[in-house]
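Here the structure is laid out as structure tokens; the discussion comes afterwards.
Each chain carries a letter (A, B, C, D, E and F) given by its place in the written order, and its residues are counted from 1.
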Amino acid sequence: MPYVNIRITDEGCTTEQKKQLISGVTDLLEDVLGKNPKTTFVIIDDHTSTDNWGIGGETVTEVRKKGV
Amino acid sequence: MPYVNIRITDEGCTTEQKKQLISGVTDLLEDVLGKNPKTTFVIIDDHTSTDNWGIGGETVTEVRKKGV
Amino acid sequence: MPYVNIRITDEGCTTEQKKQLISGVTDLLEDVLGKNPKTTFVIIDDHTSTDNWGIGGETVTEVRKKGV
Amino acid sequence: MPYVNIRITDEGCTTEQKKQLISGVTDLLEDVLGKNPKTTFVIIDDHTSTDNWGIGGETVTEVRKKGV
Amino acid sequence: MPYVNIRITDEGCTTEQKKQLISGVTDLLEDVLGKNPKTTFVIIDDHTSTDNWGIGGETVTEVRKKGV
Amino acid sequence: MPYVNIRITDEGCTTEQKKQLISGVTDLLEDVLGKNPKTTFVIIDDHTSTDNWGIGGETVTEVRKKGV
């Protein structure tokens, strides 16, 4: 009965891509651990602005400007 | 000093229902564990689209269409 | 298809109390929002030491010593 | 720069299986969204007892006894 | 490789304040634990309405009205 | 009423260091956002093995072996 939370920045994940992430991670848990897909929960959080996400002490907005 | 996070899909939870969830879960923690309500935190996340929530390898949008 | 995470300090929550928390919060979500219990997930995290939990800038260990 | 949290019950996930979950989900995010693996974080929480996990208002311990 | 999640109510955190939170908490983890800033992740969740946040069994909206 | 969750690998964070993290992050939220320390919650999760934490598609255990 796994629970998976995927967090990404709000940079345009489409409905089709969400479907692929949900089916992909559910398959992975079945393949690797034999987990029953029926009770696998996946929640995708794609609401986070690049201003709200930091790495290396900077916002992702700043990191992106530097072309990293 | 419990912390409770309730996640639901964004299908119209009213302010009154949020109050009931918050008081209900705070009472539950006091009744069962004797936790002081003053330091019980509850956060309701009701921003998640049915496209972003998966069960059984499908999005809840798809599951709902099937009338499950 | 709600997901609920309850976090408490590791101060002796019994198996019976866990059952009461799980059934209580599942009932609450059915009563208030009409959520189907079959797809309500509840995870109780009771592994956190009072040294790892802070409130008011202090650990709960320190807060407890003061008799609060 | 995705962050993925996988939660499963503590029923014997091996080091090899953890590697497969981490590489599998990192590959998935690269394939579907073009995310750079270098900044993909994955955390597997496999510490949760079946007594602490509820579905359908019951603990997973109880659900397993019924042979579901 | 720390991961930090900061949750606050949606009451007007500016981009400049977000930068200060991200750099501040990254510095703290380097100063106290020697953690490499390059792999420190910080996510600020400031989307939560005061209606969705409870303390003492009440929503923060209600608590604020009382002038607490 | 902020809630902060700090996740680190289980590599020996002392009680004194935990105190510094809790007071440091509580001060930061007061300094930057004027948040009342009395209702600032901090939870440090330091139970995660380097086998359970992935970056770049590998476990931190593997990354450490390479001397990164």
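In this section, a residue touches a chain if its C-beta (ideal position, glycine included) is under 8 Å from a C-beta of that chain, and two chains touch if they have at least 3 such contacts.
For clarity, every value in this text was computed on a predicted model and none was experimentally measured.
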Which chains are in contact with both subunit C and subunit F? B, D
Mind checking the rotation angle between the two copies, subunit A and subunit E? C-alpha superposition, nearest 5 degrees is fine. 120
Using only Cα atoms to place each chain's centre, name the chain farthest from subunit F. B
Repeat of interface C-F, chosen from A-C, D-E or A-E - more than half of residue-number contact pairs shared: A-E
Does D-E or B-C have more contacting C-beta pairs? B-C
Where the centres are mean C-alpha positions, what is the separation of subunit B from subunit F, in Å? 26
Compute the distance, rounded to whole Å, between the mean C-alpha positions of subunit B and subunit D. 21
Note the residues in subunit B that touch 2 or more other chains, in rising order. 1, 3, 7, 21, 25, 39, 41, 43, 47, 53, 55
Pairwise touch network: line, ring, star, complete, or other: other
Dump the list of chain pairs that touch, please. A-B, A-C, A-D, A-E, B-C, B-E, B-F, C-D, C-F, D-E, D-F, E-F
For subunit F, which residues are in contact with subunit E within the complex? 1-9, 13, 17, 20-21, 24-25, 28-29, 31-33, 35, 39, 53, 55, 60
Of all residues in subunit A, those that touch subunit C in their complex: 1, 3, 41, 43
Which stretch or stretches of subunit E touch subunit A in the complex? 15, 18-19, 21-23, 25-27, 37-47
Residue numbers of subunit F touching subunit D in their complex, please. 7, 47-48, 51-59, 61-62
